[in-house]
Structure formats: structure tokens, C-alpha cells
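So that we are looking at the same thing, I have put the structure below in C-alpha cells.
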Amino acid sequence: MNMTLKNGLKVAGLTFGLAMASAVTPAVAADDVLVIGAPLALTGGLADEGKKQQDVWKLWLDKINAAGGIDVDGKKMQVKFVEYDYQTDGKRAGQLAEKLITDDNVDVLMAPFGSGHTKIIAAVAERYQVPMLACVASSTSVYDQGFKYLFGTLAPNTGMTESMVEFFKAQKPDLKTVAIYGRDDVFPKSMASALAASAESGGLDVVYNELYAVGTMDHSAAVSAIKSANPDWVYMTGYTQDLILGRKQLSDMGVTSPIITMVTGPAYREFTEGLGELADGVTSSTWWHHSTAYTDAVGPWSTTASFYADFTAAYKSDPDYVHASCAAAADVLVSAVQAAGSKDKQAVRDALAATDILTFYGPIDFGDNGMNQGREMPIIQVQGDAIKVLYPESIKNADLKMID
Amino acid sequence: MKQLLCFGAFALWVAMIAATPLLADNYTIRIAISVSMFSVMAVSWNFIGGFTGYPSFSTAAFFGIGCYAGAIAQRNGVPLVLAWMFATILVAVFAALLGAIILRLKGHYFAIGSIAIVELTRLITSSWGSLTGGGDGLNVPLLQGNPQEVAGLVLYVMLGILVLAFVTSVYVDRSRLGFGLKCISQNEDAANMVGVNTTAFKIVAYTLSAVFCGAVGAVYASWVGYIDPTDSFSILLTLKVPVMVLLGGAGTLLGPILGTGVFILLEEIFWANFLEWNRAILGGIIVFLIFFLPNGLLKIQYLQLYAAVSRKLSIGSSKSGAGS
Amino acid sequence: MDILQILLNGIVLGSLYACIAIGFSLVWGVLNIINMLHGSFIILGGYLTFFAWQYSGMNPVVILPIIAIILFGLGYGLQYFFINKVVMAPVLTTLTLTFGLDMILYNLMTVLFTATPRRVTLDLGTLSVGDLYLPIDRLLGMGLALLLTAILFLVMRASKIGRAIVAVRMDRQAATLMGIRVNHVYAITFGIGALMAGAAGAIFSMVFPITTNLTGTFLGKAFVICVIGGLGSVPGALIGGIALGMIESIAGYTIGPQNATTVGFVLMLILLVVRPTGIAGVKGYE
Amino acid sequence: MTEILRLENVGKQFGGIHAVNNVSFSLEEGEIIGLIGPNGAGKTTLVNLITGVHPLSSGKVIFAGEDVSRQQAFQAARRGLARTFQIVQPFPKMTVLENVAAGAMFGGGSTSVQEAMVLAREELEFVGLAHVADTAASSLALPNRKRLELAKSLAMRPKVLLLDEVNAGLNATEIDGALDLIRKIAARGVTILIIEHLMKVVLSISQRILVLHHGELIAQGDPRTVIEDPQVVEAYLGSKFAARVKAESHHA
């Protein structure tokens, strides 16, 4: 009796528009399917990044399916991705994360691109105690909230900036001044301030240090100011569209600094395509580059080269760090499930915390705050048509060239 | 009679939303929270856009300031409820001061000015890094408790605000204030001439359109745990709320609530089923709304429509009967 | 020397800004419509130019007239079949309608072109006089912008259709009595607005990276420029554009780029309240 | 008789043009005064100045002993300075009754919506519109709209009523009806200033006449004297008309 009343009300709720069909009969996932939920920005400002995540996971999943699933505790387990478009809208992202957890009963969440939206989803995952992998969030502010279910495959920004300052100082002993110009947005801003700190502690003189607002259409004013400061090194952070414009304006206004670094510009194909010849000589740091060469890695790709080969065959273009980090996050997850012997959320969470593995993307070992630590991050440079790796020594394939 | 129907419908609706934690899963509760939150903003917008006829597009500014004021207060150790109240009051004061300035504008100028307010508040929030964290956004202390409890709490607070906003709108509708606002919407000069202090009335309406948005903004911030300038001061939100009200019927009591419910339902359906095209489909709905439902769902003459349709149907069936 | 460079930057940027606003201002002034589609029109023009350039290798300046005509057709159709039906409705209705149409266009563009920033990489180099630098593509853009503005100004003043537009703007009923087909004139006006946006997009494809993410930014600039320069006049949009370019340039240099955009919006609000006719204070297209 | 409204050297400039210049006069309680002048003489502007629609450029307006020079329109309405418009200004989507109730509620100081409705109904009876109380204001024909305008103003419990071209567009019978109504209003003790084009109408109803020309008050006084004033004749009436009026008055 009570049940029918409840059901009746449920039906009423549906009619009145509160409940979706799927809400009434939640899809209960079978034990032998590992369900990964991913809210993605497939439209809106971050559509390109969302697309990358979608692409690489498809590639990864095809690979897993070809092997008939993953081996857990002696049995085959299938893997499934459930993806939704959150339209680059933070409110929507949180909502969809909740939908994934409660409606689609996902076992684990993958965060979308960017530190900001990762934060929103991390809060939901934490509340439900669902393990979450952040593959494209590197700002420490994401990880310093004491969340226990959040793990990130990118390394902290500071590691990147310190090694960069050291490397450039070694390459160019007369390097004295740096101008820093960053977008006022979570990741670009944190990179800019990390570099400012690293440069100062490295003994460089920061001659210009400004942020620009989201939605800035033109950089003439800043570029003019940078020009009169005449720095040895220009360091700019932002989205690809900002960096293309910034690089062009630096050249147009006759800024002649021998080192120009744009983060994460050259890591993206769109950057070099949008700039043409002007891209030549621009340096950047990135979390991963396809010329790295790890071997004996876990996961479907045992070497970096095999990942590169598969990816280029499928998408006719080079993968960047977003692709690699996201695929690696999936590898980490699988290895944690295997270690845990089940997809039990608590067990997987503990296994993730204990992770210390090598993937095609590099070693992954989560620190106390859940962030991948201790990776040597490559410094890259556009040289002609190619992206060359300058650092670290183990994978370098070119020397730093000054821009003339 | 008609009013009883109106209150009855509202009470039923609130009861249904309030029942979701008992009946449905957390995603449904989340939608219920969304529905309540947007309903509050729609009811609020109705004060200025519906009753007074001023095309205000500053909802997102009020919501965003509510988010930030609540978050900042909480981060500085103000207890939860006090932080929410602080945000509400701050937004009210802000709206009153702002209203005194921009309500001198009319029509297109007012529309543009009110959109500019959203952009301006976003830019200021973004560059005032020392207070707001700038582009980094702010982490807000998470509400304690398991997901069900938190969702339930947020839902009931949002619903409480909705009831308050609705009761206010009923009161305004019946009072001198509402009468004066309707005079202003039809002929502002004439309203002035019969003794309506149009400036003061408009400021009150504008403030009413802000205060509840500030409250839900603050609650929203506590709920999601992280806010940033782009999401808090969203142009999309500021445009969506008036569309919801228009969909239901501007200037009516139930219209904003009906419109919000229908809009969010449609949004859910399209989001789930048309991954790449949902934005275009929503755009299509707006275009449809403007052409075919210019007065909203509430003002359709349903009985006439029913009569017309059934007449057509009966003609159709008698024809086919004749043919056989 | 810096100051000169800053002012020069401001003027060049300002001319490009004027390009953004002219079509928007025309539509607002004549049709009394706040056209939320305007930003997307510019981006559409930019994308079309980019792809035409990519496939044919033709110079964007050559492509520009074709793009402009395509956009004119699109604008004419949208006004004739959709917006005309509600053109006399209050601002809320027309604004919402164009917003709905914009959502459709925006979605189409992201699906067809993706959000990847595109740029016509014809780097024409820089003209330098002493310490002053003038990027040639921007200079070209400025020249085109001024030329288009001048043409539009002449069309409004001297041509039959221009006079019809002015007549409709001044008194719709009287114009109808004079035998002017008001719906047609409205559609042409909206078409010209779209044409100017498309031309601006074609010019921008050489200067700025084109991406759908920028539609809102362009629209916001159009708002500000229209209010600063004064609504509904070609010279007003030009003056407003250059004023905004200068203001942003100076503000970016003195108080930092973070607040440069804010200054524009603040100024806009102040002007709205204090002097809604804008600094140019011109009314109409006479 | 006590003075109810006084203007002292009132002036108004619109960008250098003197629309109203140095106008002084006063109204006694209960009288009907005609305000005449050619088109563009500044009559409507003067009404706008008295009712606070435009701020004064110079001079003072004293209403019931109080300096109200800086008042706003709604304050004028509440003080008892009501007006009608040359082009009627109803609230189109409201009913006739609600239109009048608006006057009662805001200008007349009714404390509740109910009270205002009751009062409004009385005023509708008074002007003869009770039968259309519940129809939309926009559906009324012109003569009734004028009456609605009057009812709305009366509901504001005015001490002074400024009637701007209240007869414009009406035919002879309708004008007679309107004049009866105006006399009835005056009988209630309301002071009336009437702007009117038709000399016959002004002469038949006004106790005094003011003549405005190019924004200046060129004559005031009782109707007979004013229309014989050579300056008035020159500026406004035309000599032919003056002669005719003079002849008529001699015969009488």
C-alpha cells in the first residue's frame, strides 16, 4: 500500500517535470562493468579541450575492449564511459557530476579540463566519497582543501617554473630581466605568479608583472609597456587565442627579447597553426611531450611511442599533454582497481593513494594532497615546423635557440 | 476562486518539490534545487520586468554578489546563516543604490545598462583579487553532512526563499505598491501625474528583484563549495531568467514559477538527448516562444483552444465517417 | 615616445572597434533593436574568410566583399522572415528573440568550425618610424574600416535606400504613406548591419584569432562603443570606437591591463546616466 | 477670497530659448480662469512648470502658501495640483475604474485599494462613466477618454485643476456637455485653470483670462477688458474677431 502510494507520487513527480525517466529507474551497473563518469565541456569556451578528452578516452577504451576488458582478480571486467556535455557552465558541471554519481552509478569520476571546474566537481565527488581523477588541473589550490578522494595526474606548477628559471639561466648566463604577463584565470594566473616567485628567488629582475582580464581583446598597451621595459625574457600565460594574439603583437610592436615563453601555447597544435612562422622560437613548459620515451609502462600502451603511433593513426595529429594525461589517468584507475581487486569505492580510493606506477605518460605517485609529484617536466621549443624538447637531459633532442 | 486556484497550485508545487528527498534520488533533488533557485530568480525578476515593465538584465549581478558576499563572510568566520543574511542585505543595499542611478534610463538604454552591470561586477570581482581571489575563484567551506542531508538542507532553504518571494509577490500584487508598479509599466508619465512617486516605486521594485537573488546566490555558493567570476556573473543566466518568466507569463503570479519548471524540464530533456545541439534547440524554443506564445503559457485561452481543437477533431472524424 | 605609441595604438585599435559597432549602431538606431546576434555575425564573417583563404589562398581583402554579401543575405533573411514580425514589440521581446537566434547560430558555428582559434597568417610585417611601430595588417584593417564607414555614410546620405532608411527611422507611418515598403527597408537595414559585421570579421581574421569564444566580447564592445559614441549615427560609432580604443590603451598602460576593460564599462555607465546621447551627441543619420 | 496659487516671475529656458519668461499671476480659490494664447505660446509648458514636470529656470511657484518651486510631478499631484493632458494619458490595459482608482490611491491619498475603488466609482458617477467602469480604458472613444481624464484628476481630490485643451477634438454637443461638467466641478470648490482654443468657450466659462504670447504674459483681467486690449488683438485674436466680439457685446 505504502509502496503504491510512493510510486504514485513518483509518477506524479515525473509528470510535473521534476523527475527524468532515468531518475525513476536508476540504471544499476553490473558488478563486472567499471563505469567511469566524465562531465565534459563539449560546447562553450572549453569545447576544444573537452573534445580532446573525449577523443583520447575513446582511443583508450577501444584498446581495452580489444583486449576483452581488464583483468581484475582473475576475472574480466568491462569498462564503460558515461559522458555529458556541461557546456562550459560550472553550475551545470556540478549538476552533471551528481547525475553521474546517483543516476548512472559511476564508480569513479574523471574531471573536466581546467582547475576551476575540477574544483566544483571535486566538491561533489568528495561529498559522495567517489574517487575522482583530475587529469587537467595543476593549480595547488585545487588540492589544498584536504579532499580525500581527489587525485591529479599533473604535477604542481611550481616544479615547472623553478626548473625553467634554472634551465634558462644555465643556457643564457646574462639573463637578467623577465616580463610576466598572465591571464586572470585559475591556471594561467597561478603559472604567472609561480614564475614570478621562481624568478625572484632565482635572482632575476621581474621588470613587468601584470594580469589581463578574461575577455581582453587586445594586448597593445601591455606589449608597449613590455617593450619599454626591454626584458631578456617574456613569459606569457593564457588560452591559445590570447597567446596567438600576444605573440603576434610582440612581434608587431618590435619586442626583441631573445626568449619568449608562452604557457601552454606550443603544447597545442592550434598555437603553431594560428601563428605560422611567428611561432618559431617560442618556448614553453608542459607536463608531457610525445618525444618522451618511457618503456615498460602499465596499461594498454607499454611505451610512449606506441601511444603516439596509435594516436596519430587515429586522429592524424600529434597528441598533447591533455591527451596523454587523461589517458594516463585512465591507466592509473585501472591499476588501482586491479590492486584493490574490486571496484569498491573505498578500496579503489585507498589503492589510488598508494599508487606508484609508470605509465607511458611518466611515473605517477600521488602525494598527500593527491597531486602527482616529482616529475621532471619537459621544456619545449618550436623550431621550424617541429616541437623540440630542450629539457630534461634524458629526453632532449635539441638545444635552446634564441629568437633573433 | 481564481486566487484560491493560484495558491493551491503553488502549494501543490512546493509540496511536490519538498517531497523529492523522500521519493527520488539525489540527481532529482539537485534538479529540484535548480528549479527552486531559478524560480526564486524568476519571481524576483517579475517585480521589475513583469509588474513594472522594465527590461532588467541584472539578475546575474545580484546572484553573483550574493555568491561572493556569502562566501567571503563565511571564509571570515561568519556563521552560515548569518553569512547568508549578510549577503542578502548587502545585495539589497547594492540594488537600491544602483537602482537610484540606472532607473533613470528607459527602454533600450536601461536594458543595455543593466547588462553592463553584470559585466562590470564580473570584471571588478575578477580584478579585486585580494578580496575575491580574482580569477582563481573562492573555495567556500563545504556544508557538513552526507550528500542526502546536504541536498535536503539546501533544497529546503531554497524552497523557503521561494515561498518568501512568492508571498511577497502576492502581497505586492494586491497592494498600492503593485498598483503603482502596474501604472508605471503602462504609462510612466501618467503614473507620475496621478501622484505615484515613480522613482521610489521603481527602486523598491528593483530592490525586490535583487534581494532574493542575493539570498539564493549565497546559499548556492555554500552548496557548490567553489565559485568563480565567470560562473557567478554569467550573461547566460541573466538572459535565461527573463526567458523563463516570459515563457510562463510576465506580470502574473504563477507565470514565473510555471515558466521556470517548463524551461528546466525542456533543458533536461534536450541536454540528455542532444549532446551537440542542445544550445540550438533552446534557441529554437526561445524563437518559438516569441512567435507563438508571446504572452506566456498562463495567458493561453486553454478552454477556447480545447474547443477549437475538439471541433476540428470532430469535423475530421465526421468527414472520415462520411467517407467510409 | 611611449605616449605617442600608446596614442597610436589607441587610434588603430579604435578604428577596428568602430568596425565592430557600426552595424550594431545602425540596427539599434533604425530598427530599435538590440541585436544580440551581432557578435556571432562578426565571428561568422571571420570564419568564412579564414576558410575561403585557406582553400583558395586569396587575400582576405579580395574575399571581404563576397563575405559581406553573404552576411547581407543572411541578415536580410533573418529580419524579413523573423524579426520583422515583432519589430514593433518592446525591447524585451526583440532582444530575447535575437538572443534565441544567436544561440542557434552559435551552436551551428561550434559544430561546423569547432572552437579552435583560427587566424589568417598573412603576416604583413610592421611599419616603423623611429621608435614607433605600426603593424601593417592593423593599418590595413584601419584603412578598410574607415573606407567602409565612409561608404556607409555616403550611402545613408545620398542613395535612395539610404534616404528611405532615414525616413523610416524618423517616422514609420509617414514613410509607409509615402509608399516606402517598410518591411523591406527594415530587412535591408538589418542586412547592412550584418554586412558590416561580416566585413569586420573578414578584417579581424588577419588581426585577431577568430573563435566562437569571442562573440560575447565583441557584443560587449559594441554596447560600450554605441553608448560612448552616441547611438544611431555612423560618425557616432566611429568616434565611440576610437574613444574606447584610446581609453583602453591609456588605461592598459597606466593602471594595468587587468582593469582596462573595466574602465570602458564604467565610462559607459556614467555616460548612459549623464549623457545618453553619447559624446558625439549626434542624432539620426541625417 | 483667498489666494490658492501664485506664480512669481516664472521662467523656463530650453537650451537658450525662452519658452516661458517672467510670468506672474495668482489664482483665487474657487475661480475659473482661462489661459489663452497662440500655438507655441508656452501654455502647456507653463502647466508643466506648475505641476513639477519641468524644473523652473527662474521664479517661484507658491501653492496654498507653500513654496513648491522645486516639487516633482507626483508631489504636485499629492498636494492637490491635478492636471489633464492635451493628449489623454490613460493606463491602457487597466479598466476605467482602475484608472480612476489610481488617481484616488496615489494623488487622493486613499489608504487601501478598496477605499480607492469606492471613491473611483463615485467619481465615475459624477462624470457619467459609471456604465463603462469595467471596460478597458483603451476601448473608450475620445469624449469618454476626456471624461476619464477628468474623473482621474478629480479622484485625486485636487484643490486646483489645470485643464489642458480638454475640449480639443470634441463636437459642439460634446463641448456643451464638457462645459457643464466643468461648472459642476467648479461648484465643488475646485479652482480651475483652463487652457482653451475656442474663444467662445473661454469667454462663456472664465471669470478671468490670462493671455500668453511668446512665453510672456501680455494681458490678464476680466474677459471683456482682455479681448479689447490692443496688444492681445494684435498678437492673437486678429482685429476682425475683436470687432465682432465687441459688436456682439454692445448689442447685448
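Per-chain numbering from 1; labels A, B, C and D assigned in written order.
Throughout what follows, a residue touches a chain if its C-beta (ideal position, glycine included) is under 8 Å from a C-beta of that chain, and two chains touch if they have at least 3 such contacts.
Everything quoted here is computed from the prediction, not taken from an experiment.
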item: Mutual neighbours - chains that touch chain A and chain D alike; value: B
item: Innermost chain, where centres are averages of C-alpha coordinates; value: B
item: Centroid comparison with chain D (C-alpha atoms), farthest chain; value: A
item: Approximate Å spacing (C-alpha centroids) for the pair chain C, chain D; value: 49
item: Centre-of-Cα separation between chain C and chain A, whole angstrom; value: 36
item: Centroid spacing, where centroids are CA-atom means, of chain B and chain C in whole angstrom; value: 32
item: Chain A residues counted as touching two or more neighbouring chains; value: 43, 184, 211, 213
item: Where chain D touches two or more other chains, by residue; value: none
item: Multi-partner residues of chain C (each touching 2 or more other chains); value: 107, 216, 220, 258-259, 261-262
item: Each pair of chains that touches, named by its two labels; value: A-B, A-C, B-C, B-D
item: Footprint of chain A on chain C - complex, ascending; value: 2, 5-6, 9-10, 12-13, 107, 110, 114-119, 121, 123, 126, 128, 133, 135, 138, 208-209, 211-214, 216-218, 220-221, 248-253, 256-262
item: Complex contacts: residues of chain B adjacent to chain C; value: 49, 53, 55, 101-102, 104-105, 107-109, 111-113, 115-117, 119-120, 123-124, 126-127, 235, 239, 242-243, 246, 276-280, 282-287, 289-291, 294
item: Interface residues, chain D side, partner chain B - complex; value: 51, 53, 72-75, 77-78, 83, 85, 89-94, 98, 101-103, 105-108, 112-113, 152, 156
item: Contact set on chain B toward chain D in their complex; value: 174-176, 179-180, 182-183, 186-187, 189-198
item: Touching residues on chain B, where the partner in the complex is chain A; value: 13, 16-17, 19-20, 23-28, 30-32, 34-35, 123, 126-127, 129, 134-137, 139, 142, 146-147, 150, 220, 224-226, 228-231, 234, 236, 261-262, 264-265, 268-269, 271-272, 275-276, 278-279
